[in-house]
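Chain nomenclature is as follows: A, B and C, assigned in order of appearance, with residue numbering initiated at 1 for each chain independently.
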Amino acid sequence: MLRSASHAPKIDDVVAAHAALRARRPLVQCLTNTVSTNFMANVLLAAGAAPAMVDNPEEAALFAGIADGVLVNLGTPTAAQVASMRLAAEAAEQAGKPWVLDPIGAGGLPWRGGIAAELLRFHPTIIRGNASEVIGLAGLGGGARGVDSSADPSAAVGPAVDLLAHAATVSASGPVDHVVGEIDGLGVALVRIAGGSPLLPRVTATGCALGALAAAYAAVAPDPLTGLVAAHVHYSVAAEIAEEAASGPGSFAAAFLDALDGVDEAALRDRARIEDAIPVPR
Amino acid sequence: MLRSASHAPKIDDVVAAHAALRARRPLVQCLTNTVSTNFMANVLLAAGAAPAMVDNPEEAALFAGIADGVLVNLGTPTAAQVASMRLAAEAAEQAGKPWVLDPIGAGGLPWRGGIAAELLRFHPTIIRGNASEVIGLAGLGGGARGVDSSADPSAAVGPAVDLLAHAATVSASGPVDHVVGEIDGLGVALVRIAGGSPLLPRVTATGCALGALAAAYAAVAPDPLTGLVAAHVHYSVAAEIAEEAASGPGSFAAAFLDALDGVDEAALRDRARIEDAIPVPR
Amino acid sequence: MLRSASHAPKIDDVVAAHAALRARRPLVQCLTNTVSTNFMANVLLAAGAAPAMVDNPEEAALFAGIADGVLVNLGTPTAAQVASMRLAAEAAEQAGKPWVLDPIGAGGLPWRGGIAAELLRFHPTIIRGNASEVIGLAGLGGGARGVDSSADPSAAVGPAVDLLAHAATVSASGPVDHVVGEIDGLGVALVRIAGGSPLLPRVTATGCALGALAAAYAAVAPDPLTGLVAAHVHYSVAAEIAEEAASGPGSFAAAFLDALDGVDEAALRDRARIEDAIPVPR
């Protein structure tokens, strides 16, 4: 899945990917942390995909062959779940299914950092994290504090480019999301997506669930970069809409699910804030 | 608990079961998947029951003797949890406590399919699933895709009747819920419950939580079929009310909990849509 | 952390602790039950703290050194998680980090009761439970039914005082919260906090999440008793505000997160109901 995009993703590509998501309803296998399971499944359902949280070693590989995409999230790994992650990632790679690695805490915790690094050999289609996690995974030491990002996404662009040795595309979430990947004729490029809401990081597992949505979009988009950009845009637009209806983080969480469901072509065209792709040095 | 109903369940029986639930507040032990735990506990609390998610092998059997009913849901089984399920199901049968089997994914995944089939020897009081799962468990192959139902509930009636060899009553959830069980003087019969909301399957774990509510109702109803019908009716009426207050799946989930709490005798009598029982061939 | 309070906590102390929470945003490591993870993380985020649910044996001790406080909740223990609890509690004690023990079900279930009793040797800063759990942990047999409290908090004062042999401060949640601890010059004292909402126990994991919030406050308050009182007051005030916006338990849960976020000095001063400390016999 180390496939390049044929051109820089624009709003028309996002609209097309969104239409494909709604039409094909991709099934995403999620091997994820205990905090995120319920919200992640609801995010996938609201956005237009289908969730299945199959993460035991007995079924993980088999199910990766059934699913349309796989998410591996290192938030609360157990020994058994890590075994499942290896099996699912390997099976996904072999079956040509897109899979997403969310390396939560990889920078600050050696045990899971080692697991994250090891999983790179199965070539994740997408790596999505916050800036600290992307920096940490790239081996630069990110100083992540818990699961929050203490680094600015722009500081993660270099490390994200380094990670393109293993993954087709990499993003760091933040007030402005930073996505890097290879584009035919342009080389390695950065696409920035603005928008969203300051309430988004006030609700737990919103970042985790974006990783799952990225797996869903990667299953229906023409290339991983377009899929990842589309997931970020759908998320940002929905967060912006939800904020208008919210009185705080609790009402925001419910309104965000409503908005993920309600986002249509008009909302995407009206609110998407995708910057033009910028070449970045490899 | 392979007890027949003395007559076809009607609205008066549902109202009486609902009053008994509120008066007795049955304690339901839930051995369930990681996606559903929080929502399931909130559904039980809102409806008028009490939850306890005791699912470790050290305590599962002991707690089945303390609880008023037990739910076993195969959504995200682990080896340890499966050991607990066997212990809890056996203890529930021996203590004469009602227990519900929700065979998620039993049709499409051989490992858990084998577990589900093995658990039948402890004679679940109730089997509740979507149509694909009921068909899959009955051994006909259901083609379940993830945890969603791709089959119509009416196609599950024959398989559900087959499962009456193991369970007192069986239901397949869908736009119209199909419940089968034995009624004195009528033999095996089908009771259909309409209503509900298209938003219900857009929220994860709503089907799972219905299984837990069925265990609660089975603990207070005169027979398993009446309990299962009452759980479906309480759910359908609450979903219909919630839809009126919802702007999408996120606000629906909160409104659904409010409505489960708010449903009273008047709402049940006004909105319940229970069809007359129809005899079906064994 | 068996530190006495220098004086009985008053509203000014609560306001100061609240300001410190918002300024310092303490990181709380939560080793908790599967029902509570998502809601607990959202409660911490909404109140102004940061959550991290690191509960595997490989990382539990290391992370207790990174975190500002630790919560150990016995709601759904597994063998691996119990090993992690021992490691995290020991590491917290050695590092002088405050840690909270929530002994769910300790009174009624021997296996976890033994674990809870064993964890006392690491001297929890705070023990928080409902009355039955506090009574059960103190060895008097509480008759807990599931995770609910069937005893009145006032009946837990004696047992709570007994537990001060192991912990700096102990609280029993209920319609009126009862907090005991040692105050310089006054000796062992009881502080009662009224307010809250009858909807609070209708939402699962609200008690669990209060334990996590207590760990957050203990990390920023001058002493454990003041921290525990501040957590109870923040919670009660937010619940009272949320009830005014709620139509039932579902909308209450969202409004409660909004209110935890929205509570400011004015709301605390306007609504807090802290009774004067009363000396109690040791």
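General remarks:
Just so it is clear, a contact is a pair of C-beta atoms (placed from the backbone, for glycine too) under 8 Å apart; a residue touches a chain by one contact, two chains touch by 3 or more.
What you see is a predicted model; the values in this text were computed from it and never measured.
Chain contacts in this assembly form a complete graph, since each chain touches every other chain.
Under half of the residue numbers found at the chain A and chain C interface occur in both copies, marking it as a different-residue contact. For this pair, chain A with chain C, the centres built from the Cα atoms lie 35 Å apart.
Across the assembly, chain B contributes residues 34, 37-38, 253-254 that each touch 2 or more other chains.
Per the touch definition, chain A reaches chain C in the complex via residues 33-39, 75-79, 105, 108-109, 111-112, 145-148, 202-205, 247-251, 253-254. Taken together, the chain C residues at the contact with chain A in this complex read 27, 34, 37-38, 41-42, 45-46, 50-56, 58-59, 62-63, 66-67, 80, 253-259, 261-262.
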